[in-house]
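Each of the next two complexes has chain A plus one other chain: chain B in the first, chain C in the second.
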Partner chain A sequence: MPFLLLIPVFFPIAMGLALLALNFKERAQRQIYVSIVIIANMVMSIVFMLTLPRTTFTLVRFTDKLSISFKLDGLSIVFGMIVSILWVVATFYSFEYMKHEGKENKFFSFFTMSFGVVCGIAFSANLITMYLFYELLTVATLPLVMHAMDKRASSAGKKYVAFSITGASFGFIAIMILMNFGASLDFTYGGVLTNMALLTGHEPIVQIGYICAFFGFGVKAAIFPFYNWLPSAGVAPTPVSALLHAVAVVNAGIFAITRVIYYCFGADFLSGTWAQYLTMFMAIVTIVFGSSMALRENHIKRRLAYSTVSNLSYMLFSLTIMTPEGMVGGLAHMLFHSVLKITLFFVAGAIIYKTGREYVDQLEGFGRSMPKTMIAFSICSMGLIGIPPLMGITSKWLISKAAVESQIPLAIVGIAALIVSALLTTLYLFEIIIKAYFPAKSKEELAEANMDVKDPNGLMTIPMLGLTAFSVLFGIWPDPFIKIFELISYGAF
Partner chain B sequence: MHDMPFIYNFPFFSILLTLIGGMSMPFFRNGRVAQKINMGIIIAVGVMNFILFCNLVSTGEHFTYMMGHFPAPWGNEIRGGPFEALMATVFAFVMGFAILGGVFNIYEDVPKKKQYLYFLMMNLLLSSMIALIYTNDMFTAYVFIEINTLAACAIVMSKDSGETIVATIRYLIMSLLGSGLFLMGLALLYNITGHLLMESLQPVILQMAESEQYYLPLTVVFAVTTLGLCVKSALYPFHSWLPGAHGSATSSSSAILSGLVLKGYIILLMKMMYRVYTPELLAKLHITDAIFVLGIIGMIMGSIHALRERHIKRMTAYSSVAQIGYIFMGIGLNSEVGMMAASFHILSHAITKPMLFLAAGGLANVSGHSYEFKDLKGAAHRNKIAGVAFVIGALSMIGIPLFAGFPSKLFFSTGALHSDYFRMPLVLIALAVSTALNALYYLPVCINIWRMKDEPGHGHGHGSDDHSASHGGEPEAVHAVHAEALGHGSISHAVSHGAAAVADAGHADSGGHELLHDTDGAHEMHHGKTGITPAFVVSMVVFIASNFGLGIFYGPVMDAIRKGLELL
Partner chain C sequence: MLEGNIILMILVFFPFAMGLISWLTGRGSKKGRDVLIIVTTAIELALCLVLIPFVGDSNDFHWHAFAGLGIHLRGDGFRTVMALIAGYIWLFTTILSPEYFNRIKSRNRNRYYMFMLWTLGATMGIFLSANLYTTFIFFEVMSFTSYVLVIHNETPKVIDASKSYVAFAVFGGLATLMGLFFLQARLGTLEMDAMIHAIETTGVSDVTLMWSCALVLVGFGVKAGMFPLHTWLPQSYPAAPEPATALLSAVLSKAGIFGMFVLTGQILLHNLPWGLALVLFGIASALLGGIMGILSDDFKKTIACSSMSQIGFIIVGVGMQGVLGHHNALAVRGSILHLLNHSLIKLTLFMVAAVIFMNLGKFKLNDIKGFGRKKPALMFAAGFAILGVIGVPLWNGYVSKTLIHESMVEFIEMSHGTGWAYGFKSLEILFIIAGGMTCCYMLKLFFAVFVEKNNDPAKQAEFDANKKYMSPALTTILIISAAILPVLGVIPNITSDGIADVAQGFLHGHSPEHAVHYFSWVNISGTLKSLAGGVAAYLIIVRLGMRRKQADGKKAYINAWPEKLDLEGKVYRPALLTILPFIGAFIARSLASVVDWFVLFFKQILFYKRGERFSPPENNEFGTFNEEQRPSKLPHGLSYSLILFGIGVVVVVYFIVIAFLAQH
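And then the complex of A and B:
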């Protein structure tokens, strides 16, 4: 019954639209409605992902090469799992957070709809379907970015649209090129450029197509020089920054590029070409660039956003190594970074929610005032820096290993970039930790400044601490995930 | 001619019926009666052409029809094939629903005594467009171009305001310039060839081209006639008349002008390209190159102009300039695929743009008849079907799969991949950039019209009170809130919203924004009529359905177009 796969995609979209129409007057009613929808959808998507057969379900067939179809494979399950679970966590967090932003009905409608759209990206069976949901993701998340509807929010929203849609339309060029020179547009492990009669003599165009796809879909993964929308989109409410701009949207970009490299163009076709080196080079540039910008930035959310820019390129770098090991590294970092970065954003949101402070130097002495929040922040920061045995080290190790084994000279430069970036990450995250725990001001000054600074309530702290605990647990014991990623990367799952 | 099937008379019937129907209207001098006659005729025309289309597609035939059985050079000929029949069917369909959807505004905008004349002009417009589609004779084409121009000017002017009169004068001047150029080209053509019938012209022209002595006069003729039609179909940079005319007319007029009238000339141009000039010759004389470059520039510039607009109908009108650019770019690709893409885009734009214009009109009806963005805030909540239609139209314009705009984009890029290395990157990049620009001006409008009614009171300023003092940028936000509240709608709206904002500010609980829902009722009362008539809803639903229909089942349509172009 592969048509069941449609439910996790269209159920939230329908329910989100219904929420717009229902427009609950009572907050409690809305919260019950939203939590039922989101949890039901998580349960359904997980159950379907684990039980449904791996067959294609075609919803609409345009022509023999073009159709809107859905199919499960290992990669879609990984992405679907990350998104489904974190979506539920983020929903509970937003119940509390959105109290101070207002317009909750609209927010939760689009928040719910985006869940379906992201599931659509995860479960799509071919490039056209993915392109459809990729465009819809921009449309569905735009109202969330422009939530405040003031000047800053609407200019950030316009920037977001400009970058994302331009990117997707360059992705569309790549789709057209693949359609012309490839055997089909269905995701096939190893690529679709199997028809040598079509391909021979047109390699340069196809490589340009790959470049278009990488930078086009890479816009959502904030590749340099198309990263700028991400820090600006920080004007969105924090749950949006946390879930969409650290997990769902940006990982959709990574997911799309994984599909493009390993399932469309094929690693064999690309490896060793100028196209591979160009994309790898840009990923390396972004790694260092993002970290340096994060260090310069004093606004907490923007600092974390630049950190995301840098970390996304860890994954892109790993993917452009174009070996199965590279894919393992990319996937592992996708999972670990999602967990860590969403928690860091939750912390930033908790600080903004409780105190309204948005800048790094306003956090003096917070370790004492917001103990739970700052513990979550410290542990996840150390994870992101890559201090063993916490989460981040495993993925960085895998990426470096893949880089060394690939024997590409540029990849060795990439390892250097990883080291530099780790150093910068330490600097920009530890600055906050040190300010929080070892304040320069005296106790009396602090007591006055942080008079009403307290930890938020359970709706916010439980998601943060829960994710932190998860990150510690699986930082120490990452094997089950790595095994699955290896199976996927070798095309066996 | 005795064994000619009866249905081959249909194009002739269509033209004649619309003309006679139009002429009957002055006898009644009544808008409502005229509208009924007009609608009946449109349905008849649509049905006849649809039957003809089905027949021609299944048999794969085309025919020439001599009016009054006089052979050339005295007689006048009609030439029909699947391509022409398809276009005529769609034109009748779109026109019918565009009038149906805008009928509320027609009766409101057009002075009562002149309403029957409005429908008369609609009849003339349809008649001239069908004649342009079917004609086989260059001079007949010219005559109907002029009729078309005058009727189009009349339907712009029918909304009796200073703005429309200025717009009409500009339109008239540019339009007459276009038809003047066409006439000049035609005179030259007749002078050097001695023919006016498309069929007889082509061999003579080909002969001349072979001798290579007539390159200069042929280039001039081709360039001048093409230029004339380009001016009339608002190819950038000859678009200056369009935003005024389409932006200020009543909704139905804008819908029909943008969706159909512009395309009538393009279809004539395409027919001339195939049946008179031949694509090879046009390519040799670099006419297609010029069209191609102007098309690409138009795609981008139209959107850039649209980006600057704060008036929803003018913005949509500039978007038409961009879409016309797409069509000419497809023609300029100078290949079968490019031509097919252009033809398909004529159809997809013909069903999308009228929907957008009608939806914009519907939104304005519930916002104090203002088309300014600031007045349209939240308009979609007051007219939901128009809001939905506008969003769907916008998504279609961006080219998201499942909507009618997507196959166009698909075929344009296929066309690009099959063309030379000069055109391919240009088209692909222009498509990508233009997609993004479309999104940039349509999506903010969609968000604007779906804004919640209570938003003016809910900027940043609505934090829970324990931290609002330390909230960065607070005074600015509050200021913006007030400015927004004051700029909202007509004065009475501003008062009601202002009062609401004050009430809200006193309400410390952040859940308080639900208070504002009762302002909705005030809106309704103030306007009395909302314009959400059953006719409007039906027309919107039909346009939405046909948008999805064309977006999903574009395969058969494309096959028909391919067949039609082969038979041209």
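And then the complex of A and C:
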């Protein structure tokens, strides 16, 4: 019964629209409604992902190559799982956080709809379906970015739309090229460029198509030079930054590029070409660029956003190695970075929510005032830096291993970039930790300055600490994930 | 998932668990916590002793898939010796700590003890590790947990010092990681005892191996305080509280040496260029540490610099292992023993320093001058440690320094008549000079604290009246730690050689053909020359050069180290904080400007009729093309719109034509 896959996609969209119409007066009612919808959808999507057969379900068929259809495979399960589980966590967090932002009804309806759209991206069986939901995601999340509706928010929103739509149009060019030269648009492990009669003699145009796809879909993965929307989108309420701009939207970009490289164009066709080197080079540039920008940014959320820019390119770099090992590294970093970065954003949100402070140098002595929050921040920061045995080291190890084994000279440069970026990451995250735990001000000054600084309540701290505990546990024991990623990357799952 | 000797795992993870428990306990009862940490370290030492019967190459523990690659611990002879050293020193400093922190009324003790126990676990992890990935994991953990120990006092000076501590630790750790990537990729394994075999089967070139190992060495060299990565050491050692300094100097620096042992004994075995490089770095560290030690007027800083200098001697020994190739028995045994001896001696010396500080709160020689008079226990401990470190016959330092020195002499004889012999002859002379320097700065400390009277007679009377300067427990451990030193030195053929026999297998060493005659005239006379030089240097440099007449006609010590000679302040910090950021910012700015230019260009085309536009302030922070300052200069009006329309049409037609041509 593959049509069941439609439920996790369209159920939240319908329920989100219904919420717009229902417009609850009581906050409690809405919270119950939203949590039922989100949890139900998580349960359904997980159950379906684990039980449904791997067959294609076609919703609409336009031509023999163009259709809207859905299908499960290993990669979609990984992406779907990450998103589903973190969505629930972020929902509970935003119940508390959104109390001070207002316009909750609108927020939660679009928040719910986006869930369905992201599931749509995860479950799509071909490039055109993914493209559809990819565009929808921009539309569905735009109200969330522009939530405050002041000048800054709408400016950020405009930027977000301009970048995303432009990117998607490049993606569309790639789809057209692929449609001409590929056997089909369905995602096939190893690529669809199997019909040599069509392909021969047209390699350069297909490679250009890949470049278009990479940078087009890469806009959501914040590849340089299309990174600019991500830090600006930090004006959105923090749950949005945490869930969408550290996990769902940006990982959708990574997911799309994984599909493009490994399931559409095919690693065999691309590896060793100028197209591979160009994209790898841009990923390397972004790695260092994002980290340096994070270091000079003083606003907590924007600092984390630039850190995301850099980390997303770790994944892109790993994917552009174009070996199965590279894909393992990319997927592992996608998972680990999601967990760590969403927690870091939760912490930033908790700080903004409780104190209204948004800048790094206002955090002196927070280690004492907000102990739970800062513990979560410190552990996840160290994970992101890659201090063993916490989470980040495993994925960086896998990426670097893939890079060395590929024997591409540029990949060695990439490892150096990873190392430089790790140093910069240490600087920009440890600056916060040191300020929080080893303040320069005296105890009395701090007591006065941080008089009203306290940990938030359980709705915020439990998600933070729970994810931190998860990151420690699976940092020490990442094997189950790595095994699954290896199966996927070798096309066996 | 877990298999093998579970004691090895407990040794590593028990302190981590107890760290948390002690932290929780300390929130309720400070007394209870103080007992708990001592019991914990005592159990840890007992566990190390329990390990002895199991010693052997099959005494392994695996935790598969820990942090990806899994950890692999082993309790063979060398690693057990290292674990015992760590356990012993940790127990003694932990007994010292509660009293010390009570006396100086330190804050944040709970935090200190938790991280102290975590550092213990990490250190055990390093010393017992059987593959380099395990070493690296615990090495990084140790760097960051010990950072909290260094920054404990939280004064501005300490915070500054700890910044350079953590910067070097991170830099070194990352360099090591990069080196490990290459080793893993080239050799396919990081298991220490599989590496030599892997080098043969994979046929990796020596050059590749050497620069991979050089990267790995950076991290270990930082921890060991090897020149030129030493600049954090003279800042951070004095900045940390004394119990922590004792750990840093006696144990944590040995983690760096452990790494060098692995590189030299398990990967680049008997490699001459590698060994030579290490010898040169070692001699440089020994000399520089010695010079800084002599010229300082600070008790603790002098001992800190002494650590750097003595570790330099150990590194020379490590390097000689490579230089001597298959005939490296003396170098192997000398470096192992000097590592052991230095740990034991520095434990005693830093405990003496702790006693001085908790009574006086100061370390400048002029302030503490005369404190040790009429305090026999303190003088006994300090005296024994000083005799040990300067290598007086019958004390332990003599044995190990003689071995390292003999190994150099051996190479000079082996390469008789070639250029190598002359080169190493000059290195040997430098080695002897560095030994003399040890004698010089240690005499300076001893005479200042225990012989000379304070310039202020009232203060001296106060010092002399202070009889309760340390508790009986502390007196006991201080005397034990000092009394061990001659045991290793009086009967070296039994004690020291015994330890070396157990440990040398790790470095592919073997016992020399005949027992070393430590007390032969050749060896003793060499040492006496070095000591005589040291005494002469003391008389000339310290007595004449480093004391100035004060207004009251008495002489006071001065800090003779030229402050301008500051490698970190003059080179490293400007490079890291000014030059590199400038280059980085320049490149990032150029890239961002290109993008900004395009954005601006398209904006001016699309929104050429400027209405009210909002630009958030953060947008104008970085880019070169500040949109607020550059209004559109493009003409407005119908003709301009037509031009744009025309351009659009041309592009579209061009595309259609191309598409048409491509189809046919």
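Please note the rule applied: the second predicted complex is superposed on the first by the 493 of 493 C-alpha atoms of A that agree within 3 Å, B and C clash if a C-alpha of one lies under 4 Å from a C-alpha of the other, contacts with A are read in each partner's own complex, and residues count from 1 in each chain.
We take it that a residue touches a chain if its C-beta (ideal position, glycine included) is under 8 Å from a C-beta of that chain, and two chains touch if they have at least 3 such contacts.
Being a predicted model, the structure only gives us computed values, none of them experimental.
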Chain B versus chain C as contact partner of A:62, first or second or both or neither: first
One more residue to check, A:440. First (chain B), second (chain C), both or neither? second
A:289 contacts which: chain B (first), chain C (second), both, neither? second
Looking at A:401, would you say it contacts chain B, chain C, both, or neither? Reply first, second, both or neither. second
In the overlay, answer first, second, both or neither for which of chain B and chain C A:143 touches. first
On the A-aligned overlay, A:151 touches which partner chain: chain B = first, chain C = second, or both, or neither? both
Now for A:387: first (chain B), second (chain C), both, or neither, which partner does it touch? second
Check the residue A:172 against both partner chains and state whether it touches chain B (first), chain C (second), both, or neither. first
Which chain A residues are contacted by chain C in one complex and by chain B in the other? 151, 154
Which residues of chain A touch chain C in their complex? 151-152, 154-156, 205, 224-225, 228, 231-232, 235, 285, 288-289, 292-293, 296, 299, 302, 382, 386-389, 393-394, 397-398, 400-401, 404-405, 415-416, 419, 422-423, 426, 430, 434, 438, 440, 475-479, 482
In the complex, go through chain C and note every residue touching chain A. 64-69, 136-137, 140-141, 144, 151, 154, 156, 159, 166, 170-171, 174-175, 177-178, 181-182, 184-185, 584-585, 588, 591, 594-595, 598-599, 614-616, 618-619, 622, 662
Write out the stretch or stretches of chain A touching chain B in their complex. 25, 27, 60, 62-63, 66, 68, 99-103, 105-106, 128-129, 131-132, 135-136, 138-139, 142-143, 146, 148-151, 154, 157-158, 161-162, 165-166, 168-170, 172-173, 176-177, 179-180, 353-358, 452
If you look only at chain B, which of its residues touch chain A in the complex? 395, 398-402, 407, 409-410, 413-414, 416-417, 428, 431-433, 435-436, 439-440, 443-444, 447, 451-452, 454-455, 458-460, 462-464, 466-472, 477, 480, 510-511, 513-514, 552, 554-555
